[in-house]
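These are the structures in question, set out in turn.
Two complexes, one shared chain (subunit A), two partners (subunit B, subunit C).
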Partner chain A sequence: MHLPTREQSGVLIVSVSGRIDHIASEEFTKALDPLLANCVPGQPPLLLDFSGVEYISSAGLRVLMIASRRAKGQRGVFAIAALQPLVQEVFAISRFNLIMPCYVSLDAACKVLGA
Partner chain B sequence: MKKVCFWGTRGSLPVSLTARDVREKIISALTAANGKSFKTPAALNEFVATLPFSTTGTFGGNSSCVEIINGGAEHFICDMGSGARPLGQAKIATYGVPNPQTYHIFISHLHWDHLMGFPYFAPMYIPGNRIVIHGCHARLEEAIRLQMRSPCFPVDYSQAGARIEFDLMTPDKAHYIAGINVTPKLQLHAGDSYGYRFESIERTVVYSTDCEHQLDDLVEREACVKFFAGADLVIFDAMYSLAEAVSVKADWGHSSNVVGVELCQAAGARRLALFHHEPAHDDIQLNRLLAETRRLEQITRGDQPALEVISAYDGLTVTL
Partner chain C sequence: MKRLPGTALLRAGRGLALPILLLLSAALALENIEATPLASLRNAQFDRYQRQMPRQRDNEPVIVVGIDSQSLSAHGQWPWSRELLAELTKKILAGQPLALGIDIVFAEPDRYSPGILGEKLAGLPRNILAKLPEPDNVFAEALGDGPTVLAVVGLANPLPGSRPPHKPLALLAGGDLARQPIARFPSAVVSRPMLEKAASGEGFINASPDALRSSSERGVLRRVPTLAFIDQQPFLPLSLEMLRLALGSEGQTVPEFGRHGMSGLRIGDYRLPTQGNGDLLIHYGKASSHYYLSAADVLAGVHAPEIFRSRFVILGFNSTGLQDSIVTPLGEIVPGVDIHVQVIESMLSGAALQRPYWLPRLELAALLLGGLLLIVAVPALRPRLAVLSYSGLATLLIGGGYLAFYSGQWLFDGPSLSLLLSPVFVSLLGSTLIEADAKRRQAERELQDSREAAARTAGELDAARRIQMGLLPDPQALFAEENRFAVAALLEPALAVGGDYYDCFMLDEDRLCVVIGDVSGKGIPASLFMAISKTLTGTLTRLESDLGQAIRDVERELNRENPEYLFVTAFVAVLDAASGQLNFVCAGHDAPLLVRRGTISKVATQTHGGPPLCATDSYPYRADQMQLEPGDLLCLFTDGVTEASDGQSLFGGERLAAALLRHREKAPPDLLAALRDDVRDFEAGHPAADDLTLLMLNYCGQPAKTAKNGAL
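Moving on to the complex of A and B:
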C-alpha cells in the first residue's frame, strides 16, 4: 500500500485511500510502520487524510487503534481527518470517534496540531 | 427446527429493571401521549404500539439461555443461565407432570452465568425426564455438580429426579442428535468456549456467544465464516462496542456488533441476533445499539442481499 505524504503547517499529512478491509489492513499496518517510527517529540505530528477512504472494516479500525496507542507511547501526535460521511458513521457506530482524535478537515486539524 | 425462543439474553450477570427505569418508561409514555385521551382499550393499544420498545418493553435481565424449538418430545437448549428458570416453568406448564421429556442442553462454557440456572430448571427434579448435557469441556460434569453442593446451594445434585447424562462432544465434528446435526467449534474465551452449529434439513442456527474475534487472525476469520455459512440465524455475542473490544476490554473474551455484521455478511447469513448484552446497558442504549447495527449493515451491504439484524430479548420468539 502506497501512502503519499506531504507537509502542511508543520504537520505530516499522509493520504490514505480505497478500502481498508481485513485483507488490506495488514498492508496498511506495514505502510504505517515507518511513519509511526518517526512519530516522536520533535518530529511533525502525523495526520492521516482519510478523504480518499471509502470503507474501513473492524480490522482496519484496529490498525488505527494500535497506531494511535504506539504514537501515544512514544509521546508523538497522531490524528485522523476528513472522513467521508459513511466512514464517519462507521467510526461513530464502532465508538472509535471516542478513542481516536478525529478532525472534520485537514485545515481544522492543522490549526490545532500545527506549529 | 421451527423457532428459536430467547429465555435469557444478558451477559455476565443477571440484571433487573430498577424503580427509576420503570418511572422513566412511564414518563416517556405519558410525554408521548401528550394529553391524548383514549376512548377504548383498542385505541390505547394502538397508541402503545407506536411507542419504541425501550418504552413499552425491556430486553430483560436473565443470563444466557436459548431454546431451539424442533417440535416433539426432545428439546434443544443452549446454556443454562438464569433464563433456564422461566424456561423450566414453561415446560412444566406445557407438559405437566408426569409427561417424560428429553432435554438436550448444550453448554458453551463453564462460567457461572451460563450454568447458574440449572439448579432452578424444574424438569431436572421430575422423575421420568431425561436430561442430556452436551459440551466439550472435560470438567463439564464436575462444574455442574459443583454449584449444587453445600455451601453453594441448599439442594444437592443427588436430589435430581430426572436421569442426567453427560455427552462429551468433539469439536469440528457433526453429532447427529434427535434429527439435528450439531457441530461444536472452539472459540476464544478464558477457559475456552464453544459455539454450536445446528443443522436440520431445511434450517441452520448458529449459537456463538462468549467469543472474542482476533481481527488480525485471517485463518480463524475464515473458519468462523465457514461456521456461520448460510445460517438462517446467528446468535452472536455483541457485548461491547468495537472500540472497547479492541482496547480497554481486549482479551476479555467478547465481541461487538460491528464484527457480528462483518462475519454474517461474509458468511451469507440471513439473520443476526445481537446477544449477551452488557449488564450496564439499559433499554434505551440497547435500542440505540440495534438501530446503529442496522444502519451499519445497510451502509456496508454493497451488492449482497440484506442481512436482517435483530436484538434478542428475554421472551422473544423468532420463526426460522
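Moving on to the complex of A and C:
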C-alpha cells in the first residue's frame, strides 16, 4: 500500500485510500510502520487523511488501535481526519472516536495539532 | 521467485562459457589433428571411402613381369647374371611395349663378369677372360633397343658409391621451382654408368619419403611423390617416366604451381591433381593378379611377344623372399611394384584423391558453424529434439563427406568433425538438462510448499472453527421448558475468518443473560480470544450484580495477557423475565434492533456505549436500562450481516430492518432462517467475508398472558 505524505502547518498528513479490509490491513500495517517510528515528541504530529477510505473492517480498526497505542506509548501525537459517512458510522458504532482523536476535516485537525 | 533480467543473462552466459571453450578447443585440435589420436580416425575414414568406392580398373594397360619363386627355381638365386636379364629384356622389347620400366637398381658390376671371376678364381686364364664380353655391356645393349626406364633411389644422406643420376627431366627451369616444397634428395643410388647411358630414362622409386613418420600410418602407403629433385635436378617417378617416354615428343611434362605449392602434374594431355608438395594421393583400384607374368615363362617363350604390344611393362620382384610388400588403404598387401601400376593407371584416367589447401579451411568453417548452431539451438530445444538436432548435424557432416568423395574424390573428414562437436553438444545438453531438472525441482518444491501451507491453514482454520462452534450453546435445548421468553441463535462461519460468538444462559431463576460478540482478527488467536471472552463474560456476570462493573472486570482480565492486541466488540444484556427489565452494555458493537408493535428501532446504546473491549486499557463501561413489553422482539447481529456484500454494495442496516419487519410474524428459529436466506440471496454467490451471527430474543411476558410469537 502506498501512503503519500505531505506536511501542512507543521503536521505530517498521510493520505490513506481504498478499502481497508482483512487483506489490506496487513499492508496497511507495514506501510504505517516507518511513519509510526517517527511519531515521537519533537517530530510533527501524524495525521491520517481518511477522505479516500471507503470502508474499514474490524481488522482495519485493529491496525488503527495498535497504531494509536504505539503512538501513545512513545508520547507522539496520532490523529485521524475527514472520515467518509460509512467509515464515520463504523467509528460511531465501535466508539473508536473514544480511542483516538477524530477530526471532521484536515483544516480543523491542523488548527488543533499544528499549534 | 523473481529474477532480474540481467541475472538471467548472466546465468545463460555462464551456461554457454563451457560449450564455447570446448568449441574453441575442438577448432584447435582440428588445426593440429596430426598431433592427436584423431589422425588415425581421419586416415581410417579416408581409407573407408576408398574401400567402399575403389577406383574402377576397366582395362589393364600395364603388365608386370615378376621375378617370382618359379623364376628363381628355374634360373637360380638372385642376382641373376646381366646376360639373363639382357635376354629377358630382349624378349619383352620384341613385343614392342609402350615402355619398359625396370624396378631394380644395378649399382654394382655383375659378379659373373669375367674380370671379377678372374680375380676370384686364380686358376682361370685372365687373358682369355678379358676377351669375353662384359655382361653389363650385353645388358646395356639390350636396354638400348627400346624405350626403357631404370630405377633410382633418392637418398636423404649421401652413401658410399651414391651419385646423382644422369638423365634428369627436361623442365623449363623457372626461378620459382627451386623454392617449391618438392621432395629433394642430395644424392641417389643409381645403376652403372653404361646401363644409365643405354636406358632411355631414369625414374625414382621412392614411395612417399615422409610416409612412415608416424606409427599410426602402420605402413599403409597412401601417397607417392610425382616429382622430386635429386641434386637440384628434377626427376619423375619410374611409372610417370615410362608414360612420358611412351608419349615421345608429345610427352611435355609441366608441373603446375599455385600460391599454395604444386597443384597438379601435366604430361602431354594427361593430368593428375597433387598436394602442395607434389604428392599424389593414390585412389587405389582393387588388387588383381591378372597382369602379373612370371619372368621364367617370358624367358621360356610361353607368351607370344604380342602380349606386350602397346602396353607398359614393368620388370620387378614378385617373390616372397625378395619383394617389398605394401599395405594399401584397401587393406590389401601387394608387391611394391604394383604401386607403379596404380600410378600409371591413375595418370591415364586422371584419378586421384583430392584434398587441396582449402579443404581443411572448409572443415574448420563447418566445425565452427556447426558448433554455433548447436550453441544457439540446443538450449532452445527440448532434450529429445536437441539430441535429434545433433544426430542430424553429425549425419549431415558424415553423409556430406561420402557425397564429396562420390562426386569428386574430395577427402572431407566428417567423422572427426562430428566427434569434435560431441563435447560441445554434451555440455550443452548437460546444462539444458540440469536447468530443466532445477526448474522441475523448484516447481515441485513450490507445489509442496503451497500444499503444506494450504494444509496448515486448513488445519488451523479447522481447529479455530471447532473451538468456535464447540463453545456455542443450543438455545432451543436450553430453554425448551421456558414460556416467558424465546431465544434462537445462528452462527454461520465464513471461510477464512472466525471470531464471532453468541451466548445465552440463566443467571438465576428469572434473569437471562444474552451476549453477542465479534473478535477482531482470525484463526486460532481470534478463536482462543473469543473462548476466553465468552468464559470470562459468563463467569463475571454471574459473580457481579452490576453489569457495568462485570464488563469492566472482563476487560481488565482480557487485557492482562493480550500480546496480539486483539479486541472484541460485544453487546451484553440481562433480561429480568419477571419484570421485562433489560440491563445492557454495548462495547463498540452494532446497536441491536427492536421490533415493537410492528415498528422497528435501534436500542439506544449511545448514552453509555463504549469502545470495543481491550481497545483501550480501562474504559469505565456503565449499564443502560430499558423496559421490554410482552411481544417485543430483540435482534442482535454482527457485521457479518450488515457488511455482507454482493460485490458492489453492502447489505446494510436498512435492508436488515426491512427484512426483520417482513418476517416478524414468524417464530424465532424460522425468522432466523428467513433472515439468513435474505442475506445469502443478496450476496448472490459472493463468498462471505465474515462470520454471520444472529440472535433473536422474543419477550413474551408473564406466563398468564399468551404472546402470539412465543409459541415454541
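Here is the rule we use: the second predicted complex is superposed on the first by the 114 of 115 C-alpha atoms of A that agree within 3 Å, B and C clash if a C-alpha of one lies under 4 Å from a C-alpha of the other, contacts with A are read in each partner's own complex, and residues count from 1 in each chain.
The working rule: a contact is a pair of C-beta atoms (placed from the backbone, for glycine too) under 8 Å apart; a residue touches a chain by one contact, two chains touch by 3 or more.
Since the structure is predicted, the reported quantities are computational estimates derived from the model, not experimental observations.
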Fit or clash - subunit C, subunit B, common subunit A: clash
First (subunit B), second (subunit C), both or neither touched by A:99: both
Which of subunit B and subunit C A:26 touches, first, second, both or neither: first
Superposed model, subunit A: greater residue contact from subunit B or subunit C: B
First, second, both or neither for A:38, with subunit B first and subunit C second: neither
Partner chain in contact with A:5 - subunit B first, subunit C second, else both or neither: neither
Colliding stretch - subunit B into subunit C, listed as 4-12, 40-48, 94-102 or 130-138: 4-12
Touching both subunit B and subunit C, residues of subunit A: 22, 57-59, 61-62, 65, 69, 93-96, 98-99
For the subunit B and subunit A complex, residues of the former touching the latter: 215-216, 218, 221, 241-244, 246-247, 256-259, 262, 292-293, 295-296, 299-300
Of subunit A, residues touching subunit B in the complex: 22-23, 25-26, 55, 57-59, 61-62, 65, 69, 86, 89-90, 92-96, 98-99
Of subunit A, residues touching subunit C in the complex: 21-22, 57-59, 61-62, 65-66, 69, 93-96, 98-99
Touching residues (chain side subunit C, partner subunit A) in the complex: 496-497, 499, 518, 520-522, 565-567, 569, 587-591, 609-612, 615-616, 619, 639, 643, 689-690
